[in-house]
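The next part holds the structures, each set out as C-alpha cells.
What follows is a pair of complexes built around subunit A, which joins subunit B in one and subunit C in the other.
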Partner chain A sequence: MTEEKKPEERKKRRTATEAAASIGPMVKAMITDVQKAREEGKPIAFTFIACAYDEIIRAMDIVPSWVENYAGICGAKRDAQRFLERAESLNFSRSLCTYALCGLGFDSWREELGEMPPDAPWGGQVKPTVMLGSGQILCDPRNKWFQAAQHYMPDVPVYDVSLPYPAYADDYDFHETEGYYVKHIVEQLRGLIDFLEEQTGHKMDWARLEELVDLVDRTYDLIVDTYDLRRAIPTPMGTGDAMNTMVPIQFMMATQQAYDFFTNLNAELKDKIARKEGVIEDEKYRLIWGGGLPSWFALGDFNYFNSKGAVFPVETTYRTLESTRDFDIDLKKIKDPLEHIAWRWVKTWTYWYDKARKRPGSHPDVERLIQYIEDFKIDGIVMHEAFSCRSWHVGLIWQLNHLKKIYRDMPSLILESDIIDISSYNEADTRARIDAFIDTLEAVKDR
Partner chain B sequence: MKSQYFAGVDIGSTMTKVVIMDQTTLTPVIGPTGPEHRKLANRVMEEALAKAKLSFDEITYVVATGYGRINVPFADKQITEISCHARGVGHLLPDARTVIDIGGQDSKGIKLKAGRVVDFVMNDKCAAGTGRFLEVTAEGLGVSLEDMGRLSLEAKNRVEISNTCTVFAAQEVVARLSEGVALPDIIAGLHEAIATRIYGMVRRLKIEREVALTGGGAKNIGLVKALEAKLGFPALLPPEPLLTGAIGAALLGRDIVQEAAEKGETLVRSERRLTEASIFT
Partner chain C sequence: MSAENSTGGLAIVDKYYQGYGSRARELKKQGKQIMGYLCAFTPVEIITAAGFVPFRIKGDVNEPITKADTEMETIVCPLVRSWFDMSLKGKYEFLDGLVISHACDSMARSKDIWKYTLGLPYFHFIDTSHAIDDSSLDFFVSILGTFRKSLGGFIGQEISDESLAQAIRVYNENRQRIWDLYELRKSDPPLLSGAEMTRVLVAAMGLPVQESIKLLEGVITEVKQRQPAVGAKLPRIMVVGAEVDDAAFIELIEDAGASVVTDDLCPGGREYRAFVKTEGDPVAAIAERYLRGIMCGRSYVEQKGTYPEYLEQRFGHIARAAKEYNVDGIVLYIYKYCDPFGFEVPAMKSYLEAQGIQVLYLEDEYSMSTVGRLRTRIQAFLEMLGTR
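Take a look at the complex of A and B:
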C-alpha cells in the first residue's frame, strides 16, 4: 500500500553558511514546540507565511503552526507523496496547490486514525485550535484550504483575514488609495483579535504588541542589510542557503530569535567577506533566482549550479519585505500598532511602484529584477515554474520577456517542476537544462 | 602535415549519430539507440572508423553529446546538445539565427549570435511537442513514420486534433478513422498539433530569421510545412538534419584542440576506451 511506503534517507545538503546549516534543528524544534503546546493545552493557530499579523499572534501568546512549512518539510524529506495520494483519493484534484493537498491529506489521515499517521515526518502536524486564512489577492488556497480542512476538523473555527494592496497601473496614482487599504486592513486585524480572544480566551497584550511591532521593523531592516552583504564578489551566500534562512523570515517573525539569527548571519557574512571566502572558490557566473518557489526535494540543484561555477547572490522568492527606513512614510510616527502593521504591509507591496513608474513601460516585479541585476552584478536569470502554484508562478514568463524588452537581453533558464510533488521532477533532464544554460552563459561572457 | 581527425558522437533517445571529420571530409554513420544500443555507442563508432578507414588512435579528439553523452567511455569531453546543435548549424547554415530541433524525446529552440548560443528553451516534459507524438500516433494509424510527411501533403480538409496529450491524441485519431475521415486529413491535423506546440514554445525566444530546422522532425515534410506556415516564411534545412549535433560536437572538439595549440597548452584528454559503457564502471 502506497501510504505505508517510507522515503529513502537522504544525505544532508551542503550549505555555505553556518547560519543556514543551523536551520534544520530550528525547524524541528519549532514543530516539536507546537506538539508540546498541544499537550499543554495552549491555543494553536494554523496560519500562512507572509500573513502580516505575526505580532498579533505572538502578543496573544498563541502558538503558530505554519501549514506550508510542514508540507515543505514533507517535500524536503521526499515523504509528501503518500499525503498527496490520500488527498487525491478524497477527490481533491492533483492540479491544486500541492502544499494544500499535502496538508489536507495529512490532517484527514490524522483525524481518521485519531493519532499521527505512521512515521509522520518530525512527529507530525497537530490539530489546531483555530485556522487563520489570509487572502492577499494572489493565492486562493489561503482562503480555501482551511475551509476544506473543516471537512475533517469541523470543530475548528476559521477566520479569514483579507489583506489586499493597491493594484499597479501606469496611469493611476496608488498613493491616493493606500489609505483606504490601510483602513480596511486595520478593521480586518481588529476582527482577528476579537475572534482570537473569543476562541482562545487569551486577551491581547497591547503593550507587548507595540514592542513586537518595533521588533519586526528592526528585523526587516536588519534582514535587508544582511542580504545586501551578498553583493560582495565572491558572494558569501547563495539562494540555496536563502531557502533555509527564509525560515526566520517567514516562520519566526516577531521573535527575538529571528532578530538574533540575522545578527549572527550578518556577522558571519562580514567575516567571510573580509576573508574573501565565497560560496565557491572560482565564481564564474552570478545568477538571480528571479521567481518561483523552489522544489523542496531538489535543493541539491543549487549545489549542482555551484559545481558549474554559478552562484546566486540574490533571489526574489521569500524576500517578502523591504527596509522600513526606505519607505516614503515614517512608520515610527504611526503609534497605533494595528495601523502601523497595515501601513508596513501596504508599503511593502507598493515599495517598487514609484521606482517602476520612472522607467517607461516598466512594472514593479520587473523593476525589482532590474534593480537586483544591477546591484548584485547578475549575468543570468533562473526561474522555476511550479505547476501546482498558479498564483505565484503565473506571469513569470511575462516578467522575463518584459525585462528583455525594456531593459536588456540576458541568458535565462526556466526550470519546470513542483514545490513538493516529486513526480513532476526529472533530475537528469533538469541537470541537462542547467548544463545547457551554463554553456549559454559561457558563450555570452566570451563575446 | 598529417591530417587531424575529430569525432562527434550524438546519442539521442532514438538514434545514435557519429561523424568523423578532418578539414575536408566528413564520414557519418547513423544507427538506432534503443534500450540495448545505448551502451553500445562504440559499435556505431567502430562502423564510422571502418567507413573512414581510420583506427581509433588516429582520432585526435572525441566529443560526445545528446542524452546519452555521459555514457561514452571513449569520449574526451561531453558537451550539451544545445551547444553542439548551435555549433553545427552555425557551420552548416551560417545565416541561421534561430534553431528549432525536434528530437525523439524532446524539442528545443536555440537562439544564435555569431554561431553561439545566446538563449534556449526546451520541452522535455511533454511528449506532445516531440517526435514521440508522431511515433505513437503513426503506430495507432498503422502508417510508417517515414510515410507520415508525404501522406499529410495529400490532405484536402485537415482535421483538428484537440487532445494535447499524446496518449489521448492517439485514441482521438483512431476515433477519427472510424468516423471515416481520410488518413491524410488526420495526419495533417497531427502535424498541425505538434507544430502549434513547438511554435508556442520557441516563440518565447523572439524568433529571428533565418530559422533552421534540425533533428528527426526536420525530415518530415509535413511537419516542416506546418512549422513554416506558423513562422510565415521558409525554414532552412541542413543536408542531413539528424547529423547537426554530431557535426557540432566534432567541430567543438576541433575548436578545443586548436585553442590549446594557439595557447601552447597541453591538451587534456580523457583515458578513453573504445568499449561499451557499463553502469558498473
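Take a look at the complex of A and C:
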C-alpha cells in the first residue's frame, strides 16, 4: 500500500557555517518538546509562521507546534508523499498547498488510528489543544487549513487572527490607512488573547509580554546586521544555510534561544570574514535567491550551484523582518505591547514602499531586489516556483520582467518544482537548467 | 442596438452573451467611462455612484490561454488566468480602470501583474478581510472609505451619500429581478434551463445596472409565457462552486439529461442572495452586505457552537436552497489551484451527504478541452440519481 511506503532519506547537506549545521538537532528538540508537552498536558497550539503572535503565545506559556515546519521535515526526509496521497484520498485537490495537504493527511491518519502513523518522521505531530489560523494577504491556506483540519479533530477549536497590512498603491497614500490597520490588528490580537485564556486557562503575563516585545525588536535588528555581513567577498554564508537559519527566525522568535543563535552566527561570520573564508574559495558568480520557498527535498542543489562557482549571499525568502531602527516611527515609544506588535507588523510589510516611490515605475518587491543586487554585488537571479503555493510564487515572472524594464537586464532562472511534493521534481532536468544558467552567466561576464 | 429598445429578452441575452463586452464598448464610444472589476466581492454600488459603468471581466473556456503565461504563473487558478489572458488580448480595451478585491490568493497575489501589465488609468485594490467579525467589519468600512475617496479623487469630485443610496436601490432591484427569474426554475420541469440562466446572468453582469434590470424584466415576461413542458422529468441538479461565467459546463450537465435548477455560484445564487440595507450609512451598509452577505469559501466564519452546528453555519444555506428547489443531487465544481474552495470539499461534501443529498465532486480547469472529460462522470452520477 502506498501509505506504508517510505522512500529513502536524502543525505545530509553540507553547510558552510557551524550555526546552520546545529539547526537539525534544534528542530528535533523542538518537535520532541511538543510531544513531551502533550504527555504533560500542557496547552499546545498549531501555529503558522509570520503571524505576529510569537510573543503572545510565549508570554502565555503555550507550546507552539509549527505545522509548516513539520510538513517541511516530512518533505526534507522525502517522506511527504504518503501524507499527500492520503489527503488526496480525502478529496483534497493535489493542487492545493502541499504543506497543508501533508498536515491534513497526517492529522487525519493519526486521528483515525488513535496513534501516530507508522514511522512518523521524528516521532510525529501531536494533536493540539487549539489551532491559530490567520486571515491575511499572505495566503488563503492560513485561514482554510485549520478549518479543514477541524473536520478530523472537531473538538479542537480554531481562532483566526486577521492580520492585514496596507497594499502598495498609487491612487492614495497608504500612510493614511496605517492607523486603521493598526487599530484592527490590535483588536484581533486582543481577541486572540481572550480566546487563549478561555481555552487553555493560562493567563496573559503582560510584564513578560513587554519583555518579549523588546526581545523581538532586538532580534530583528541583530538578524539584519548578521545577514548584512554576508555582503563580504567571499561571502561567508549562502542561501542554502539560510534555509536552515530560518528556523530561529520563523519558529523561535521571541525566545532568548533565537537571540543567542544569531549572536553566535554573527560572531562566526565575522570570524570567517576576518579569515577570508567563503562558502567557496573561488567565487565566480554571486546570485540572489530572489523568490520562492525552497524544495526541501533538494537543498543539495545549493551545493550544486557552489560546485559551479556560484554563491548566494542574499535571499528574499524568509526575510520576513526588517531593522526596526530603520522604521519611520520610533517603535520604542509605543508602550502598549499589542500596539507595538501591530505597528511593527505594518512597518515591516510596508518597509519598501517609500523607497519604491522614489524610482519611477518601481514597486516594493522589485525595489527590494534592486537594493539587494547593489548591496550584495549580484550577477544573477534565481527563483523557485513551487506549484502548490500561490502566496510566494505568483508575481515572480512579472518581477523579473519589471526589473528589466525599470532597472537592467540580468541573467535569471526560474526553477519549477514544489516545496515538499517530490513528484514534481526532476534532478537531472533541474541540474541541466542550472548548467545552462551558469553558461549564460559566464557569457555575460565575458562580454 | 441597445438593450433598451429591443424586445425578446432571451435574444438580447444571446447577443450580449456571445458578444460579451459589446454594450460596454458602445457606451464607451458614447463617452461613458467603464470600470473593470473581478469577482463578486467588488462593491459595484460605489463604482456606479462615481458615474462609471462597472464591467465584470469574464473568461472564455474556448479560448486557449496563450498570452497570460508570459506574465502570470500557471499556478494561478485557471479562471483568473483566462480573465487575464482575455484582457491582454485586447478583449476589454475599453476599460478606464480596474478594481480588484482581495477575494483569494489568485486575485490578490496577481494584482500587481494586472496593474502594471495593463497600465490602465485607474487601479485600486480593495483589501477585503477574510474574517467577518465586528472588528473586521469596522475595518472594511474604513477600507471602503479609502476606496470611495480614491475614486472620488480620480473623478475630481466626492462621491455623495445620495448617489450611493441611489446605486444601492437599483442594485437591490436588480438582485430582486434575478430572484424573480430563479423562481421560474422551481416548477418541474423548470421554465428556464440552467444554461439559459447562466447566459442571462453573464449578459447582465456586462451591462449598466439599469439596462440589466430591463433585460431581466424582458426575460421574465418571455419565460412566463412558456408552456410547461410535458414528458419525462429529468433529475434536478444544483451546481456549487466558485465563479462560473461560461455556460459550457452547465450545458454539459443538461446535455447529459438533467435540469440545473439552482446554484451556489457567482454570478448566481451566492452573489445575489444578499441585499444592501437601505437605511443608515451607505458605506457601512455596503460593507456589511459584501463582507457578511456573500457566503463564499474565501471568507472565514467564526465557529459558534459545536462542530456540526458550525457546518450548518457554513453550508446550511446550500442545503436549504437544495430543498427549496427540490434538488436531486449537487455537483460540486471546483477549479484546480483554488485554495478557498478546495479546502472546503471534504467538510462540505460530508455535510451535504449527511442531509441526504447526493454529491458529485469534480475538479476542472476552466477549459473546454477538459470539460469534456467530465462527461462520463456526470452521466454516471445522473444514472445513479435516476435509480434511486
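Methods note: the second predicted complex is superposed on the first by the 445 of 447 C-alpha atoms of A that agree within 3 Å, B and C clash if a C-alpha of one lies under 4 Å from a C-alpha of the other, contacts with A are read in each partner's own complex, and residues count from 1 in each chain.
The rule we apply is simple: contacts are C-beta pairs under 8 Å (C-beta built on N, C-alpha and C of every residue); 3 or more make two chains touch, one makes a residue touch a chain.
Predicted model only: the values in this text are computed from it and were never measured.
When the two structures are aligned on the shared chain, A:Asn426 is found in touch with subunit B, with no touch to subunit C. In the superposed pair of complexes, A:Cys139 makes contact with subunit C only, with no contact to subunit B. Applying the stated contact rule after C-alpha superposition, one finds that A:Asp446 touches subunit B and leaves subunit C untouched. Of the two partner chains, subunit B is the only one that A:Ser412 touches; subunit C does not reach it.
Once the two complexes are overlaid on the shared chain, A:Asp435 sits against subunit B while remaining clear of subunit C. In the superposed model, A:Arg231 makes contact with neither subunit B nor subunit C. A count of residues in subunit A touched by subunit B and by subunit C gives the higher number to C.
Once the two complexes are overlaid on the shared chain, A:Ser93 sits against subunit C while remaining clear of subunit B.
When the two structures are aligned on the shared chain, A:Lys77 is found in touch with neither subunit B nor subunit C.
In the superposition on chain A, subunit A positions 397, 401 are in contact with subunit B in one complex as well as with subunit C in the other.
On subunit C, the positions that touch subunit A within their shared complex are 70-73, 75-76, 102, 104-106, 108-113, 116-117, 122-125, 127, 129-131, 133, 135-136, 138-139, 142-143, 146, 149-150, 153-154, 297-298, 300, 302-303, 306-308, 310, 334, 336-340, 342-347, 349-350, 361, 363. The touching residues of subunit A, when paired with subunit B in their complex, are 397, 401, 404, 409, 411-412, 414, 416, 426, 428-429, 432-433, 435-437, 439-440, 443-444, 446-447. By the touch rule above, subunit A contacts subunit C in their complex via residues 90-93, 95-97, 100, 133, 135-137, 139-141, 143-145, 147-148, 150-151, 154-155, 157-158, 160, 162, 164, 166-172, 176-177, 180-181, 183-184, 187-188, 191, 363, 365, 385, 387-391, 393-398, 401-402. Note for the complex: subunit B touches subunit A at residues 67, 79-83, 86, 106, 113-114, 116-122, 124-125, 204, 206.
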